[in-house]
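Chain lettering (A, B, C and D) follows the sequence in which the chains are written, and residue indices restart at 1 in each chain.
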Amino acid sequence: MIAAYFVLLIPFAGIIFFAIADSRSDMGRINVYFNAVCLLATLWLAVNVVNHGTILSANKAYIVDPFNVYLIVLTAFVGLTTSIFSAPYMAHENEIGKLTAGRLKLYYTMYQGFMLAMYLVLTTNNLGIMWVAMEGATLATVLLVSLYRTPESIEAAWKYFILCGVGIAQALFGTILLYYAAMQIGDGSNALLWSVLYENATKLNPEILEIAFVFMLIGYGTKIGLVPLHNWLPDAHSEGPTPMSAVLSGLLLNDALYAVVRNKMLVDGTTHSNIAGYLMMGFGLLSFLVGALFLHRQKDIKRLFSYSSIEHMGMMTFAFGIGGSLATYAALLHMTVHSLTKSAIFVTVGHAAQIAGTQRIEKIRGLIRTQPQVGWGLLIGTLAIAGFPPFGVFTSEFLVLLATMHSYPWLAPLVLLGIGIAFAGLFRHIQPIVYGEKPEGQLPVKANLWPVIIHLGLVLWLGLSIPGFLAHWFSQATVLISGSTPL
Amino acid sequence: MILFSAYLAVLLSFASGLLALTVNQRHLLQTLCNYSFSTLFKNQSQHKAWIDKNLELQRFPAFLRQGVFILLGLSGLFAVIAGLTVLISKQVITDQLPLGLPWLPWHIRFDCLSGFFFLIIGIGVFAVSLYGPGYVRTYKEHQHPFASLGLFTGLFVAGMLLVLLSDDAFMFMIAWELMSVASYFLVAFQHENSANRRAAFLYLLMAEVGALAIILAFGVLASFSDGFTFNALRESKLSVTWSSIAFVLALLGFGMKAGIAPIHVWLPEAHPVAPSHISALMSGVMLKVAVYGLIRFCFDLLSEVQWQWGVVLLILGSLSALAGILYAMMQPNLKRLLAYSSVENIGIIFMVLGLTMIFMATGHPQLGVLGLLAALFHAFNHALFKNLLFLGAGILQHQTHELNIDMMGGLIKKMPQTSLLFLVGCMSISSLPLFNGFVSEWLAFQTALQVDVLDNGVLRSLIPVAAAALALTAALAAACFVKVFGLIFLGQPRSHHSEKAHEVQNKFMLAGPALLAGLCFFIGIFPSTIIHLINNTSEQLLGQTLPNVNALSWLWLAPVSAQQASYSPPLVLIAALIAAGICYSYFRRNPLTTVRTAPTWDCGFGGLTPRMQYTSSSFTMPFRRIFAKVWIVDEQISKETKGAMNQEVASVHYQLQVHDHSWPHIYTPIAQGVNDLARQVGRIQTGNIRTYLGYSFVTLILLLWLIS
Amino acid sequence: MNIGQTDFYTQAILSLAALVGLTSFLMLGQSRLLRLIFVFALQGFLLTLTTSLAAYSLGNPHLYISAALTLLLKVIFIPWMLRREVLQMNIHRDIQTLKNKTMIMLGGASLMVFSYYVLHPIVQNTAPVMLNALAVSLSVVLLGMLLMISHRQAVAHVVGFMSIENGLFFAAIVATKGMPMVVELGIAFDVLVAAVLFGIFFLHIRSSIDSLDVDLLNRLNEIEK
Amino acid sequence: MNWLIAILQSALFIILAPLLAGWLKYCKCRLQNRKAPSLLQPYQDLLKLSNKQPVVSEQASWLFITAPYLIFSATALAASVVPLIVVDLPTSASADVIVMVGFFAFARFFLTLAGLDIGTAFGGMGSSREMTISSLAEPAMLMAIFTLTMTASTTNLSGAIAHVLDEGLVLRPSFVFALFALVLVAIAETGRIPVDNPTTHLELTMIHEAMILEYSGRYLALIEWASQLKLMLYGVLIANIFFPWGIAETFALKDLGYGLLAILGKLALLAIFLAIAETLVAKMRLFRVQEYLSFAYLLGLIGMLSHIILEASR
């Protein structure tokens, strides 16, 4: 259990360090070190969990079960690779004078702060704390969104702040209702602990839980970016620094979804109407289709991919909503591969934007001829996110389709439609970007593409064969959520 | 052993792809081989010298190209071996690979059907690998990196082979999409001109949609059974409705890949822009993989076929056969023309498959076998001659830098061998006797003529019409390829390039086509060799063999019964030789009558110039008049007059464009619709935060109201 | 059951609840920023009263702490900060005329009814005071959102945001006798940070569009021109 | 034995072809009350041409030289398939009616290529028109023949004819339609009026002539002979399929003799009909031909359907 504390302490130390240390040139590298150490700690934690099953800390403050442990490792991993990417990227931004050293310092501090919030959301056993951490994540990133201080960035940050704040407030109301429901069965002090709630799930008052779930869904759904609560997402993604977009897409959305799923598990345990599932399916499908449609008319490359994030989160929500072992398995897998692929894409997108000196799609052309690694990275990443095998996204989408076909066949055409539209929307923009002659004055930039290679490699590996230990995690988590093993 | 060679084929194609990646790692390779020679085997200094020589800067690229294509050729060879052995030994080999989902490893199944298509692919790949090195030499490394070309070619071939091997839905889809994506990169290989990009996008989009349809088709089966392995899917008990839904989805998916009208539009866009040896593979081989998919799905996975499906296939097939050849006829671009003729041939195959279904469903399995025989045989033949023609087109492009057949002419004197090979291709594709194309067409007719056994009046009157459509198709194909050969190789050169053209130096570029041409002729004379193999296939797939197997000898071809129909190509060949020999010798008897050459007579008009010759559009003018409704023809004649009162005509400018009906009627509306929808949806992103708050507010209210 | 039979605590809570709801209404109808801020502070003060009352009658001391926190944050710090902003921006005189104010008020009223309607099923097995308290807090939350939707001033948005917080807080106190201490502290911390950030943002927004009218923040839209 | 008969019969076929052409010309001349050349005139022409020294354009390629031989032998093979005086031929077993059509296609393929080889406008024009007409005529012909083959349930010509013989005189509506279809097709395919005019040399009306303009000497002879052969072949088809009576069923000399006489009679009659038609009808414009042929196709189709629905329906 010490591992969990380490996981939380390391980023905390990071915050302190960056806050007090005066700004220096090698902050990027130090940031990488912090994340690397943290990754090691999470791996240690993971090993513990895989060996001994669910861990509950002595004071019941933290719970680590197969469901969140792999999310923790994923968070640490993406955090590390993104920090690797962000070191040269932010340095470049600093050189071309878009950022001052002070802002850089702020950036690294908040990076660690964000990581801390993420770990807290994942590890805590207490709904209240989870809420606090989630709000904390917003507060940590909101200043990063407005890091460039351009009017657009400030506007984006303001919207992000207000919308997520209001949204998350609903989640708090839900939490209070839940607490209220829990207090009906006595034991006030730790009535907000997952562990306790799961034990007495059957005793809770179903009506209260349903209403509470609505508030939770609205609240955390705002953070997931479910249509029509998604409006902050494209702005925040497109205006903040690219590494931020990478972690927002790759981690924050996942963790919000994690919170919703946790609540769904609780509600399913209590009520026997599948109301939570239907709600999630509805929102998921809506976001999936609308996100897919949004892709078509984008002019800003980062907006493009943030909409693709909305679409994929929609698909995951949909899959979780379907319930059942197959869909759940697919959703878990999709969470993993999506955050890996999407953060990889944002890395390449960032470099592409630096090469062209703008994020406007029609200005970025002929990447393969300009800087082949970036071009191919972007192209292959897009192929992967569009769900082409042998990449992992295909596997999960395949399973989702089959699960839909199995449970709700009349929805399958919609899902199919969405995938097709999304694919077309992505490629009609990406193809002219990567292909074609290189325009004048486009020069390669200094880029570290290891994150991309590693991520896409992993996604490829997941697509070809899911390694044993990971499969073990997944199936354990699936059992935890849906109550049965996949097939 | 058989499976081993099959795996070897896959691995070798992968290896060739990976080897191509090392095109920029010359130094790495050098250090590697130095190290290996210094440590592993010290004594073979002559090998070391040889390798070092090849790793020198100027020799390395050629060396690498050779290596890559040699590996590819070996892969093709092993594919042929595997296919033949399994076809002869009539085995079914299953295996599992430790890949895929944790509860679903990749299932492998290698049976006669897969073996037959292995044979097709192997031959195609082998020919291409002979042809390739000479062809790709002209690409500039910095513009068109050989690494990507070689890599994706390898992946492409591997994907196709894996599709044939796969025995569960998941692996099937992965292999299928690998095939699609790899070929997408190959289509986009020369991405500097926008037509290629557009083609590639269209191709990938339609491949994706098709793949999704196939997934759903599998999904339908899977939801009525447990698990995704084909064995499980075979067991699935479906109602007729559901199985029909599955069939339609499968038809959509596989038909899109095979290029059945009206979902063929990617094909004439994508095939011409790829490098020629790739177009050969795509058109000659990949389409067959789609046919394989359909056969596997309908005859193997679905428990029993319905005759209505057969009717659907019959109609669709006839339509795309006619449309394909008619559109082909109008194309001035050689490779587009060939692509459209692929649509035609696929149409014929689907048509005969439809007949097979009808006969199977109405309880005449043996005639069904006859149909399957015709279909598979035609698939095989099409693979041969379409490969041949595309490779020939590649040679022409290579030598004349032209694909527009109105710019060629007179090449028969400049490039004798090429012209001969191309002639063979044209004769087989327009199904003339003594060549393989004719045999499969003959079988198709024989199948159609068995209609008498049916009781259903609709079918009895429908099938003969289809047969007549087939006849019309064949005749039009002959016309089309007369045009092709005549305009390209005969007459006088129409452009500077074709005047300067000369035969290819690199003999291997001719060896590939020569191999295929030889096969075309050999199969045309001894069709029984293939028919026996197909017979084994159908025995395994349908549990039935031809009605009259014992009449199958090397000499006679009498699939139903010797009374009903028989055809003996060898005898015909002999007779033809005798006849030609007699009249030749008779007319050569008199030494005085040796040929005297003189200027062209041309009815006494003088001053014959190449511009007076018939062009593609003028040759096909009568057809354009007769079948005017088939195309969207836009024909413009602009006259420039000068002189007093603009009396005399200074110049006349004629331009003709022929468009596909399916664009304005199917595809443009869809694209438009999606765009409009996207624009509508864009409205919700107003940019006003209060609106956004309003959204979440309303959502909250709605949900709360919904709950209570 | 009528209110006469309940104990004093309940009566007090109920009347406070009514007052809190009233303040929300006042804010909703308010078109002058300074008054808006004042009413907000008032609401905070009522909240403080409620908290300390609950702490006293239920006798759990940690509520006193949160009462103190509320007093500091919601009654003193945030109103002071907002007021400073308003005065600096010198917008305390201009009146933002609300379009169809009556509609908004009616909407607010119906929201109150709606929240009763929504929460009704959950209180069969508890005292109706819970229903009232929860309903009021829910309506405060919804009214806060309505406030943000109807007002164009960033300051008003902050007030609305905070009043939503108030509603939540009220629910926490009345319905569940306060959250666990850690959560309380965490929430308070978040509110504090949020307040600070709001301060910073006012700075930025002013510097970018030199106004606090959020309707001017609409560069990032996707409406086809 | 029957192989020998078969070979002899095909030889006979080839030898008689010019005679039919002569007879046809003779009848036409008499109908147009001109003085007719002798019946053997075609033979003399062929002989003359084959002894002349051929002149070939410089533009010509090897294909131009070899095409006539291929055309002639393909047509000869087609002829050898058709029972002239006796049924039950091994040759028609080795190549059935579909193959026969294939032989025609083969010959046409090379004829049109030869037309394109020199690169004159005439050649191209001829090839293009020839291909148009034939590609419309072929399906019509197949329809007509399929009617027969489906009735006899065999595509083996001698088998089919034998079947018709055995049935004796059965009045089949399908056969009536098929007969008319086949006649129309035959006229189109053999380049007679009203589709094409074998004697014209007006460039606008030429079809067949336009392709062979550049030929001379023995090559011209071969092509002419081939087209005469084709004419006779169609005649024999019509005669023996629809009016098979008199054709020999055994190899007894007597039967063979009767068979020969019968076929000569039938052909003579047909030729007279053709001559009358050619004298009465005027040549039609090229773009009327499609209507003409689609009418033939329609007839064939009706014939087949009436076979299926009226005669063989269950």
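In this section, contacts are C-beta pairs under 8 Å (C-beta built on N, C-alpha and C of every residue); 3 or more make two chains touch, one makes a residue touch a chain.
Owing to the predicted nature of the structure, the values given are computational and were not obtained by experimental measurement.
The interface with the largest number of contacting C-beta pairs joins chains B-D.
Relative to the centroid of every protein C-alpha atom shown, the closest chain centre, again from C-alpha atoms, is found for B. Distance between Cα centroids is largest for the pairing of chain A with D. We define each chain's centre as the mean of its Cα atoms; on that basis chain A and chain C are separated by 31 Å. Work out the mean CA point of chain A and of chain B, and you get 43 Å between them. Taking each chain's centre as the average of its CA atoms, chain B and chain C sit 70 Å apart. With centres taken as mean Cα positions, chain D sits 78 Å from chain A.
Residue positions 158-159, 162, 166, 170, 207, 211, 234, 294, 297 of chain A are each in touch with at least two other chains.
In chain C, the residues that touch at least two other chains are 118, 121, 145, 148, 157, 214, 217-220, 222, 224.
The residues of chain D never reach two or more other chains; the list is empty. Every pair of chains that touch is listed here: A-B, A-C, B-C, B-D.
Every residue of chain A that touches chain B in the complex is listed here, in rising order: 158-159, 162-163, 166-167, 170, 207, 210-211, 214-215, 217-218, 222, 228-229, 231-232, 234, 275, 279, 290, 293-297, 368, 383, 386, 388-390, 394-395, 398, 401-402, 404-406, 409, 412-413, 416, 419-421, 423-425, 427-428, 431-432, 435-437, 463-466, 468, 471, 474-475, 486-487. Chain contact summary for the complex, chain A toward chain C: residues 126, 128-129, 131-132, 135-136, 139, 142-143, 146, 149-152, 154-159, 161-162, 165-166, 169-170, 172-173, 176-177, 179-181, 183-184, 188-190, 192, 205, 207-208, 211, 234-235, 238-239, 294, 297. Residues 98-104, 170, 173-174, 177-178, 180-181, 188, 191-192, 194, 197, 200-201, 204-205, 208-209, 212-213, 215-216, 218-220, 222-223, 226-228, 674-675, 677-679, 681-682, 684-685, 689, 692-693, 695-696, 699-700, 703-704, 707-708 of chain B are the ones touching chain A in the complex. On chain B, the positions that touch chain C within their shared complex are 679, 682-683, 685-690, 693-694, 696-697, 700-701, 704-705, 707-708. If you check the complex, the residues on chain B that touch chain D are 409-410, 412-413, 423, 427, 430-434, 438, 442, 445-446, 449, 451-452, 455, 457, 460-461, 464-465, 467-469, 471-472, 474-476, 478-479, 482-483, 485-487, 489-492, 562-568, 571-572, 575-576, 579-580, 583-584, 587, 590, 592-603, 608, 610, 612-614, 618-623, 625-626.
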